Structures are given as structure tokens and as C-alpha cells.
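Okay, so subunit A shows up in both of these, paired with subunit B first and subunit C after.
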Partner chain A sequence: MNHSLLFLIPLLPLFCAVINLLFGMRLPRLFAEVMAVTGVAGAFVLTLIFWGHAEGEGTRAVLFTWLNSGTLDVSFALNFDRLAAPMTLMVTGVATLIHLYAVGYMHEDDDYGRFFALLNLFVFAMLVIVLADNLLVLFLGWEGVGLCSYGLIGFWYRKLENAKAGTKAFLVTRVGDVFLGIALLWLFALTGTLSIDAINDQAAAIPSGVVIALSLLLLLGACGKSAQVPLMTWLADAMAGPTPVSALIHAATMVTAGVYLLCRFFPLVSLSAVAMTAITAIGALTAIYAATCAMAQREIKRVLAYSTMSQVGYMFMAVGAGTVAGAMFHLLTHAFFKAVLFMAAGCVIHLAGDENDIFKMGGLARRGPVELFWVFLAGAVCLAGLPLTGGFFSKDGILLALFTHPDPVYRVFWLVGVLTALLTAFYTFRLVYLVFAGDYRGAGHPHAIPLLMRWPLWPLALLGLAGGLLNLPAFVGGGERLHHWYGALAGREVSASHDVEWMLIALAAAIAAAGWLAAHWRYRSYRPPLENRASRFLLSGWQADALVDRLFVRPFAAMARFCSSGCDRTLLDGTLDGLARLVSSWASMLVQLTTGRLTTYLSAFAWGFLIVLGWFLIKLVNGGGH
Partner chain B sequence: MTIPFGHALAFAAALFVLGLSCVLLRRQIMMILIGVEIMLNAASLVFVAASAYWRQVDGQIFVMLLMAITAAEVAVALAMVVYLWRRKRTLVADEFNGMRG
Partner chain C sequence: MTMLASLPQFPWLSLLVLLPLGGALLCLLHSGRAAECRALALATSLAVFGVALYLFVCHGQGEGRWLLYEDSAWISRYGIRYVLAMDGIALLMVLLTAFMQLAAILLAWKVERQVASFFALLLLLESGLMGIFLAYDLVFFYLFWEVALIPMFFLISIWGGVNRRRAALKFFLYTLVGSFFMLVAMIALYQIHGGQTGVYTFVIGELLQTRLTATQEGWLFAGFLAAFIVKSPLVPFHTWLTDALTEAPAAGSLDLTGLLLKTGIYGLIRVAFPLFPNATANFLPILGVLALVGLFHAAWSAYHQDDIKRLLAYSSISHLGLVVLGLAAWQLTAWEGSILLMVTHGITTGALFILVALIRERTATRSMQELGGLWGQVPCLAFFFLLFSLASLGLPGLANFAGEILVLLGTFQDHPVWAVVALLGVVFAAAYMLRLIQGVIWGPAAKERSLPDLTPREWLMLLPMALLVVWLGLYPEPFLAPLHGTVATLLAGGLP
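Up next is the complex of A and B:
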């Protein structure tokens, strides 16, 4: 097939989004739903058709020249290469299932036109990021993702806290976008091109100090979208959106964009050991931070949100340890099992009568359809990293890469990763026990779960469980397919002796089992939540919101107050008001001259005439004197 | 006999001052208008006298023009006087002070 048809992959969801945006509410509901699902499913099918184009050097398709001014020549071009192809397939595939689920989830909501339009637009923006050939196109998708997340998180905007959560996501990610924007302009100033491949080719010629600065800027940009440590506060609040949106943000779009960005620029980033260590450190910090927070959360979706942060932290660690293949492997398996977990959580919330608090659930395994428990468990064992699941192999690959890294400081990061794995297994099974085991503790009446909310879970659960086959390590007889697929893009070759590998894998299995046993011991029979200072600290996410509030929001508000009441109202308004009052008082003096009386005017006219006459007379006399 | 130019100018000046005093001192609109007419006639007189003095016909032509314009002006002014009378039943000029600032 003609490779310029590659454009159909992102444009199909865009087209359906535009149709739904303009006519969605006038069309029958079924049409809007079919439109939304076909847009994404069509993109998925197209990705499969074009799969062959990604091999080798990939395929570059130019639609039109976007900007052309001096040396700046930006065309609207897509690059379907070995890095983009699996990502595109994952995004479209997972998004298709999420869209199907959304049809079931939103069947009672009246605002379906806006919802499906934004959902499609979200997928479009993410596909633009994934397929972008140059930085400007990437930035377009990057901002588009931010916009759609704002619209979807605040989808039920009539409740103020939802609208605030949307605004928060928008603003916090915007902070990262500023750094990405700076990096973009700097890269253009250095290399004179915006093409990602060309920049990566020229990366070796850039001075090493600049490479560090650029990598850190890119890292900060990635942190914003991927909710990593300095800029992570938005993700937990993003739960305000409808559940399919959460699934989309956490699994297919948005949070993985940061990891993808770093993988895209891996040839540049990997030149600097400092930047790589910084990436790993950020990932490790986020992983352990989010895992501790997740242990104390009470809302089911918040637990999952923090687990996403933590898992994305693993992906950052993988990039930092130099293995792009490892990062992408974990990204893919994580997308599968996190989508399952979120969509199953949506069903759980339905069953509990719109109750979010896991301490008011319990016994849902017997209360709802039995398969719900099994798919949730499938997602949970992947997240916890029980042996032989997809999450187990992908996480183990990352830990191996950290362990075998030549720099000894990476051993510390490896230790953090192992500790995080233990906590992950613990809070995952805490969630499972609290939600499904024991007796029902809530008072809600279960809603019926539509069929469309059930069966999209199955393929994802199976993909999550079997995800390890994508990149099964060689020492257990796997082919490391993903690693071979990426070829030169895969990053550092992670190699260790079989003994080390077996030791690590046994350790990972033991850790996961230990987490499970701890949760089993603690939550086998129901216990009310702890109410001490430590758990409150963790519940509030290490008081990160309060910290941001104190460090940035309040000083900013104080500065705004100073500018408003100190400068604007007192100084500027005072000066201008004083001037106006002065002029006004003069005017009221002058206005007394206009009496409106004819006789006054006439005599004034006569006197004026006399004065003019007299002046001429004086001039005449003086002139006559000479 | 011929009137000396100086006499004519003096007479015109006296006439002008009389008209001006009428305009300035009287309060009735009718009287102000009459004062204006007298001033105009004084101006006409100067034109005629100058025409005779310099033996140029231009001054007299201008006076003809002035008379026509004065007639038109009086017609408009008297119409407005009638209108003002209808408005306020008075012709005292200072009563019409609607333009006061």
C-alpha cells in the first residue's frame, strides 16, 4: 500500500472526533458510539496493515509543508519506525477496547457527543506524539494530549472539584511543557533542524555540558506528562474523570508519552551519564514515593493511580539504565494490565453502588459476576509481579538492567526497585482482599453492569498475563523478540551470567510472594484502616499538595495580591484617578463661563472684538512710528 | 453739494456705536435684531461713501449684495422670533438659556 496512506492512522480518529464534535448531539446515540469506536478500531487495523513498513529504517511520510521560513523548514511528516510501530499498535488496540467499554459505561450519560469526540481526539493527539517525525509535530500532539486530558478529567464539570482536577492536570503538565518547549527551541538553535532523527544523528557533535542541560529539560518535560516526582500531583486527582478516561490516561495515552519521549531521544540522552543517572533517580524516587502512597489510599482508583506513577517510575529507571527495549516492554505489559485494572475498577464501583472507598466494599467476588473477580485478579497479579505474568518479566528485565549496570550507584536504584516491588505486591493484594474478600460492608445498591463493560476486559487480561511472551528472556528459553525487533534502537545490551539472572528472578518471585503473604496476613479478615499520623501522611501523598501550595501557590497569590492592590490599585489607579480629578475640577470651573445667556455671549463677543481692534490699533500706531 | 468723506465716516461710526449699544444693552430679542440691522446699515454706509470717494463701483455692488442678504437674514430671524414666542410666550433673550453648561 502507498505509504502516504500512513496518515490515515492518526487522521481517522481525528475525523470521527470532528464529526462527533460538530454533529454528535444531533445524531442518534448509536451512530456517535459506532463512529467513535470505528475511528480507533480503523486506526488499529491500519497499523496492522502497515506493520511491514516499520521494518528496517522505517517509513517516512510527508503530508505537506507546514512552515517554511529561512532555514526553518517544517513539514507535517510522520515517521513509522520500529520504535513507533509497537507503540501505535498498543495505543490503538488498547484504546479500541477502552472505547467499547466506554460505550457501556456512558450509556446513561446525556453528553455522549462531547465525550466521544474528546476521547477520539485524545487518541489522535497521542498518535501524533508517537508518529511525529519532527519536534513541532510532536509538540502539537503533546499539547493536544494536555488539552484533551483537561476536557476529560473535568468532564463532569458541574461538580467544582472535577473541574478543579481538570485545571490542575492542565496546569501541572503545562509546567513540564515549558521545559520541553525550551529544549525544542534550543535543539533547533544548535542543529538547525527539528527532525528528531537528524537531531539524534547530530547529537554526538553537541558539547557535553549542553547535552546534560538538554537531557534534563527533556526529562522535566517528560516528568510533567508522566507524573514523575516534581510534577506528579495531578495524576491522583485525575481520578475525577469518568473511568474509561482514567484507563485511557493511565494505560494507552498521556502518562506513557514521557517515557516514549525519552526513548525517542535516547541517542541524545544516553550521551550523558549524569542525565541518565538523573532519569534513573527521578524514576526510583517516584516509584518508591508512589508505592508508599498507594499503601494508605482508601479510594480504589487512587490506589491504581499511584500504582501507575510507580510503574512509570520503573520505565524511567529502565531508560536511565540504558535499556529502551526494557522500558518499552514494561510500557506495553503495563498498558494491558493497567487498562484491565481500571476498567474492572469501574465495574467494581458500579457493583458497590458508586462507592469508591475500598473499606466500604468487600465480598464483591460473590456479589457480582464471577468473571469480574478473575479479570481483576489477572490484572492484580501482573501488577504485583507474580511469576510468569507479563508484569513479572518486564519488571525483572528492568531490575536486571539496574543490577548489571557498571556504575555502582545503580545498585542503590536496584535496591529501591526491589523495595518498590515488595510494596507493590503488598498494596495490590491489599486492594484485592479489601474489595473481594470477606463480607460486604457498604450500603450501596449494585447497578447492573452492561455486557460491553465486561468482555473488553478479557482480551486485555489475557494480553497482560501472556505479555511476557513479547520479550521472554533468553535464559528461560525465550526469544527476546522485542529486543531483536528494536535492533539498534534497543539501547544497552543487558548481559549477566545465568546464575545472576536466576538469582534475580528467584528474588523477584520471593519478593512478590512476600508482599502477597504480608497482605494476606494483614487483610485476610477485615481490619479497619489505621488512623495514625503516618497513614494520614501517606494518604495525602506525602503532603505534596500542601508543599506545592506553600512553595508556589501561596507566594504566587501573595505576589498577585501585591501587584493588584499594591501596584495596580494604589499606585497606578491612584495616579490616574488624581489626574482625572484635577482635570475634572478645572473643567467645573470653566463650565461656569457657559451661562447659556445670549446677552453674556454678545457682550463677550463685543469685548473680544474691541480687544482685537485695539491690538490692531496699537500695531498701526507702532508701525506708523517708524 | 458733496458730503465730505470724513463726515460720512463719522456718521457711520456713530450709527455703528448706536447699533452696538442697542445690541448690548437691550434684553428684548426684537431690539437686539434691530440693533444688528442698524450696525449693518452703518457698514453699508461706509461702503457707499468709500465707493463715492474712490469713484469705484464695487462698493455699491457690494451694498446691493448686503441688502439682499440682510433681507434673507431678517426673514429667517423673524421666523425664529415667532417660534421662540410660541415656545415660552416671552421674547426676553436671557430666558432662553437651555445651553447653559
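Up next is the complex of A and C:
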């Protein structure tokens, strides 16, 4: 089979996006919907067909040269390898289900053409990140997902807050992109190539100090896209977008791009213990930070947004602890159960009559279709890490990797991870109780939930629950399939005695149960939200926005004012005006010249030119030639 | 047949310069008949574009320094020759000029006052620009430099906005003072060369051999630099541009930002750097810093603007800062990036200026406070606005990114700090462009009004530009290929 057919995987969604963008609104709605879903589903099928190409060393495909100048030669090239293949399958698979859900979700919105075009374009860009063979193509996808995220967060653009949330997301992630950009420039200067594999091969030859710097730059780049501390402020506001967008972009795929980036450059990053510790520390910090914030949130989607940050923090910890397989395992299970939670949350919001506040919900289990409760619960138990669920195994693998790490400082990270797990179980069940238990406290009229918003949840819920099978640890009789699949790319072999493993697993189960019990005790019967300083602090995300505003936004605006008004207007133009007054007589003469009869003047000009031209021609004929 | 074979090559380059001049003269002779003038101007610029395209396709590749070269004696007594020479860089600039001029003519279609003069001036400007990009004799170069100045002065001062007088005068004075220094330096160089060799000539190729002391070289370089830096413009000589761009009529702004700004940078590449290699080498670090200062200063200033045209004017200065930075890095990839960025910036910012004019026509305002929500009112126009804004903020896959990343990759090789600082400017560019997008197309509609979406004539302007922006973003190879040889020669001939 021709390798360049691999390009069909990303290009199919792109094609459908372009068609929908250009003609979506002129064709029947059904056409746009079918187009959007087929594009993504087609990519999913193609991934299955090409699956064999990922085995071994993987397969490269080159389309054409993008930039060629001097020593630089960058092509549009894909690399379908063992790391990329499962991610591709997840992205296309989850995206297909979310697209189906979106068809139901958007059935009353008139602007469907733009919506589906952007959603398909996003899938294209995400696949470009996943499949990129070189850093520049990866960067193309990287910025592309940012653009789609921007466009979709602000999809309902008539409300200025939505547009502002989109702008904020774009800007904050772009700060991260600058660091990724610096890493890109530096890597090219060092290695003379932008091919990811070639860079990884040459990584050992790079001086260790530079490796640390490069790894930290990549880490900061990853932080931007993955909403990790300190570049996390945009994700909670991004919930302004339509719910399928939150499910696809801000839960399952784009926010995990940072993790994927670090896994891609794992051979480079893992050379430096300092960088690995930094990655773990960022992950741990974000995990605990976001978990505390989630405990105090009132809007259902913001709870989920903070939990996403927190879970992605676990993935960062996994990379830092040296296990790529562990990170990817959690990435996959998280994608399943978080997508379910978001999509179910969309249904919940429908049922509550477009109400976001969980304190104005309650009793929704009885108000809507009963299966909604079960599906939501399935996602919730995965997130809370109840035993035997997918989330349980993937999270436990990460905690085990942290616990068994030779460096003692990782025990601290492990402790943070355990504490976060406790908080996670608590806020997850807080959510479940507030939304589903008790009596309905709101005043909204429930909207009907279309069928297409209901059944795509089932496969994802099952995948979330059974996700543990992907990489079941050996001591419970599993084959660790994901670990073996990644082979050399899987990172550190995490091993411990069976006693330790059983102890950790028992601890994890106990913690999940404890979190549940705490939530049960607190929210079994409804209590209004606490109104105190601590809860306000957590609700505002530790006042991070105010801090950013004071540290960056205001100085920037002040500097802008200074450059424009102070410098250009007052200083430069003022000086010039002074000079102009000196020569004002001359100036006024010039102005008068132009107020005269223009046509006369221009005609004179034209005749003058003709004369010059004539003279020149005569000269040419006389003195002519070379 | 023998006669034909002995004839020199067809003077394509002269045609490029003379065609628009002829068109301008014809327009003036037809003054009073507006429709004919429009058709005439369009036909002329189509013909010029055809010639430029032909040269790009058929003479785009070649061995040696020049792709095409025309040389005749002109005023023999003073050694002034008629020399037009086209290398890869000139080829791209010529193509850009011809292309943008088409858009400018279409944009000027609706001018009602003194139509003949307007189109004549536009065509005269084109002729001047072609001359600047092709002349290889200093007198000739200077002549066209001034020729390009005059029509722009009139375009602003007659058809401009409320403050047109002031803006036009500022533009005129700045450029005139700058070019005065160039004139002095030019004559001095001529004298020195003549004194040394006994051959008095203004041909740049021969002046390259002049032996200069370090002091002489420094002063002469400074003279040329004065003209080029003001035109580029580098901070702090930029305030004429923001006023001129804001006040100029739509077609004038388009030509000013898309083409005229590039002449300064082009002069550096073609005249100042090769003639004074040692002075250049000493000056490059200063140039780099000036470029960075300009990049940031303009980005900050852009963020503060409410008038969208003024915002775009500042964004132009900021982008050109990056172009100059690439030149200051003195590295092959960076130079090719700079030149590509000149072209792509011309197209994207030019398109944005067109859109601003269209928005102004419909809403009678350019203030972001009074705009907003255009996506719901004029979706096609808003889509183009979004596309070109995204291209301008450097989104990969669109035109500007290709140039920018080449500049940055090349600059980083020898000057990592410059590249890193410039990269921070990327966030700034995003900040003001996103503010612009948000203020114009998102948000609630400022007024409930029904606005007409794009007309066929407007589609005709914007669609080719949009296609080009995508093409240049994904496959700039055909435009980079002619540059390789030229840039390598220039770099080798310059720095010690």
C-alpha cells in the first residue's frame, strides 16, 4: 500500500471542514452534519485500516516540501508509529462520537456550518500534532488547535464574554507557544534538523545544561496547551464554548497535547533528572491546585474543567516519573470518561433549562431519562478512581511509578498525588449528589434531549469503565498490553514487590471510598454553598486571574499607552511640530501648491515627462546600444 | 532573420517601467471621461501584471547575478547610464508591485473626484516603484525614488482624510530630507570613484570597486541610510507613516503599506549594503537593535489604538521590524525569510487595508468602539477579515508564518537573543490582532443595520489575495527558489 495514503487520515477531516466552511450554510443541514461526521469517522476507519503500518519502526510519509532555504529543508511529513497510532485512534474515535452528539446538540442552532467546519478543522489540526514527523509540522497543528479552540470558545460571539474567553485562551496558550518556539529554534540551531526522531537520536550529544533548558522550554510549551500551572487560567473560562467543544477540545484531546509533546520528546527530556523533576512538580502542583478549586466551583462545567487540569497534572507526573506508557494509559482512559462526563453534563444543563449552577439543580435523576444518571455515574466513578474502573488502574499506575521512583523527592509527589485522589473523589461525588440527589431546586424548564445526545454516551462510558483492560497490571493477572505495545518508547519499567503493589492498590481504594463517604456525609441532603473567604478564594481559582491582571495585563496596557501617546504623540510629533513651525513659511508654500488647479499642474508634469522621455529616446538612438 | 538575431533581447524591464507611465499619460489626456480612465488604468495594470508574470515564469530561473539586464548610455557627459537589472529579489518585488497595483486600481474604482488624475497618479506611482526596484544606476534610482514620492504626496493631500494636509506634508518632509542626504552621498561617491579611476559613473556595479577609507565609507553609508531608514521606517522615524497611512485614500494606503514601505528595505539590500560592506558590518548590530525596538514599540502602540487603520499602520511597522531584523542577522535563511515576509506582509496587510476601506464605506466609521458584530451582518467580509488577520498574526499554514519562521530560524543561528526577543513579539502581535478581530467582527452588533456583503468587484480583489495567502503559507517554494542565488551572492559580496 502506498504510504502517502496515510495523509488521508488528517486530510479527510480537513476536506470536510473546507466544504462545510464554504458551502455548509448553502446546503441542507443534513448534508453539513453528514459531512462532518463522515470526515471524522472516515479518519477513524482509515486509522484501523493502516494500523499495521504503526508496528515496528512505524511508517513515514512525505507529501511535499514546505520550506527550503539554506540548510533548512522541511517537508509536510507524517510519522505513523507506535506512539502515534493509539492516540490517532482515540482522537478519531472519541471525536466521531462527540460529532454525533454535536449533531443533536446543535440541532436548533442556525450557525451549524461554521460550527462543524471548525470542529472538523480541529480534528485535522489535532491529528497533525499527533502524526507530525517534524517539529514545524507539529507546530502547525499546535497553532491550528489553538485557533479552533479560540473560534469555538467564542462560537456564540454575540455575547462579548464568550469572545473574550476565546481571546484569553488564545493569548495564554500563545505564551506557552513562544517557549515551544524557542525550543524549536534552538533545536534546529543545535542539530540542524527539525525531524523529531533525528533530534531524539542526537539528544545524547547535546550538553547537559542545554538539555535542561530545552526540556524546560518544552515543558512550558506543554503547560500552555495543557492548562498547567502557571499557564492554566484560560481553561475554566473556556467553558463558555458549546458543550461538545468542551468535551472534545478541553477534555479529551487538545489539553492532552502537552502530555503527548513531552512523550514525543521523551528521549530528550528524560536525559535530564532536573527537567523530569520539574515536570513532575508542575504536574503535582497543578493536580492539587485544580482539585482544590474544583471543590468550590458552582458551575457544572467549571468543576469538570478544573478536574481536567488536575487529571492532566497526573499525566505530567507520569511523564516526570519516567513512564510514557503510564501517561498515555491515563490519557486514554481520561479521554473516555471525561468526554462522557462533559457530554452528560450537556444533557444535564438541557434538563435544568440551560442552568449551569449545580446548586440550582438536584433531583435530575428523576427529571430526565434514567440512563443519563447511570452514564454520568459511570464517568464519575472512573474520575473518582473507584476500584476496577479504568481511571482506577491508570491513576494507580502513576502513583506506583511515583512511589517506586529512586529519587526520594518523588515520595512527596506521590503524597500529593494521593491527597489529590482524595479530593477528586470528594468533589466528584459532591457533583453527583448536588446534581442528581434530593429535590429539584431550580426554576428552569427542561429541554427535550435528542436521541443523538444520548446514545453516543454509552460506548464512551463502557470504554471508561473497562479502560483498565488496556494496560492491566501483571499482578492482577493483566498483560500490560499498552506497555508492551509501546516497546522501547514506553519509558521506565515500573516494578515493585507484590506487597507494595497490593498495599498501594488498597490505599487507593480506601481513599476513593473515603472521598465518597465525605461527600455523602456533606451533600446527601442539600446544603447551600459556603460563603466564606476560603471558598471565595477557591472559587476564583486562587485569585490567579487577578494576579495575572496585575502582573502582566495592566503593565502591558500602560506600556501601550506610553508608546502610543507618550512617545509617539507627545515626544516625536511634538518635536516635529516645533521644527515645522520653524519652517512654516516654506511649508505653507508647499501646501498652496497643491490647492491650485491640479489638472493644470499634472498636465505640466505629464508634458515634462514626455520631454524627458523624448530626450532620452534621442540619446538612445544616437549613443545607443551596449 | 539575421537582423532579429543581432537585436538585443526584448527590453522587458523598460516595458515594466514605461507601460504604467504611458497609461498615466493617456489617463491625463482623457481627463473628464471617468469610465475610460478606469478601463485604461485597469488595462494598463493588467498588461504590466502580465509582463511581470511572464518574467516570473520564463525568466525566474537563471545562472549568474542577473536574470535580465538592460544597459544603454544616457547622458554620457556625466557617465549616467540607463541600467535596469533584475535579480531574484527584484523579480519578487516587481511581481508584488504588479499584483498589488491591480487591487489598488479595483479599490479606486469608486473614486469620484478627479478620476483621471487619481488613476494617473496611481499609475505614475507604479512606474516609479518599478523603477526603484529595477534601476541599477544611482541617478536613475534617485530619479525614481523621487518620482514615487510625488504621486503619493498628491494622493494623500488631495483625496485623503480630514488631516490630509498635515499628513501629506509630514510624509513629504520626512522623505525629502532623507533623500537629500542620499543625493549628497551619491554625488560624493561619484566624485571619489571618478577621482580614483578616471571613470565617472553612477552604475552601482562599477561603484562597488571604489576604495574608501573607513571614515568616508561611514559617512556615505550614513547618507544612504538616512533615506532608507526613514522610508522603512525604523523607530523613531516612523510617525510620518502612521499619519500618512491613516489619512491616505484607500488605494493610497494599499500602495503605501504594500509597496512603498518596501523600497526603503529594498534600498538597503540593493544599494547600501553592497556599496559599503565594512560600514554595514559595523552597523548591523545597531540595525538589529533598532529593528527590535521598532518591533516592540509598534506592537505596543498598535495595542492602544482605537482607529483600526492606525492600528494596522502600527502593525506594519512592527512587521517591518522583523524584516529588518532578518537582514541584520546576515544569514541566508534569515534573508530569504525577510524578503518573503516583505511579499507576504504586502499582501496580508494590503488586504486588511482593503477590508478597512470596505468597512468604512459601509459603516462610515473606523473606530472599534462603533464597530463589532460584523460576522452576523456581513459574513463574507468578516471571514476575509478573520483570515487576513490570522495570517498577519503569524498563524502557521498562512503566508506570514513562512517568512517569519525563516527569519527566526536564520537569526537564531548567530544571534539567539535577538530571535528569542523577536519571538516574544509574536505574543504581542497576537494581542493586538485579537483585539482588532474582537472589536470588529465579534461581540454584539454596534448598531442594528443591514449592510450589503461583498460585491463581485470586491470578491475580485480579495479572493486572489486569499488564495495567495494560503498558497504562500503552504508552498512558498516557487517564490523562494529565485532568491537562493541572489541572496547567496549578496551575502558573500557584503560582509567580511
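Going forward, the second predicted complex is superposed on the first by the 575 of 626 C-alpha atoms of A that agree within 3 Å, B and C clash if a C-alpha of one lies under 4 Å from a C-alpha of the other, contacts with A are read in each partner's own complex, and residues count from 1 in each chain.
Operating definition for what follows: a contact is a pair of C-beta atoms (placed from the backbone, for glycine too) under 8 Å apart; a residue touches a chain by one contact, two chains touch by 3 or more.
If you're wondering where the values come from, they're calculated on a predicted model, not measured in any experiment.
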- Task: Kindly classify A:174 by the partners it touches after superposition: subunit B alone (first), subunit C alone (second), both, or neither?
- Result: second
- Message: By the touch definition at the top of the document, which applies to A:70: first (subunit B), second (subunit C), both, or neither?
- Response: second
- Task: Classify the contacts of A:551 with the two partner chains as first (subunit B alone), second (subunit C alone), both, or neither.
- Result: neither
- Task: Answer with first, second, both or neither: which of subunit B and subunit C does A:158 touch in the superposed model?
- Result: second
- Task: Counting touched residues of subunit A, say whether subunit B or subunit C comes out ahead.
- Result: C
- Item | Intersection of subunit A interface sets (partners subunit B, subunit C) | 591, 594, 598-599, 602-603, 606
- Parts of subunit A lying in touch with subunit C, wherever the complex brings them together: 64-72, 136, 139-140, 143-144, 147, 150, 154, 157-160, 163-164, 166-167, 170-171, 174-175, 177-178, 181-182, 185-186, 188-189, 556-557, 559-565, 567-568, 572-573, 576, 580, 587, 590-591, 594, 598-599, 602-603, 605-606, 609-610, 613, 616, 619-620, 623-626
- Message: Which residues of subunit C touch subunit A once you look at their complex with the stated criterion?
- Response: 8, 21, 24-25, 28-29, 31, 71-76, 82, 114, 116-117, 120-121, 150, 153-154, 157-158, 165, 168-170, 172-173, 236, 238-239, 242, 297-298, 300-301, 303-305, 314, 331-333, 336-337, 373, 375-376, 390, 395-397, 402, 405-406, 408-410, 412-413, 416, 419-420, 423-424, 426-427, 430-431, 434-435, 438, 441-445, 474-477, 480, 484
- Per the touch rule, the subunit B residues reaching subunit A in their complex are 20, 23-24, 27, 29, 32, 93-94, 96-101
- In their shared complex, subunit B is touched by residues of subunit A numbered 591-599, 602-603, 606
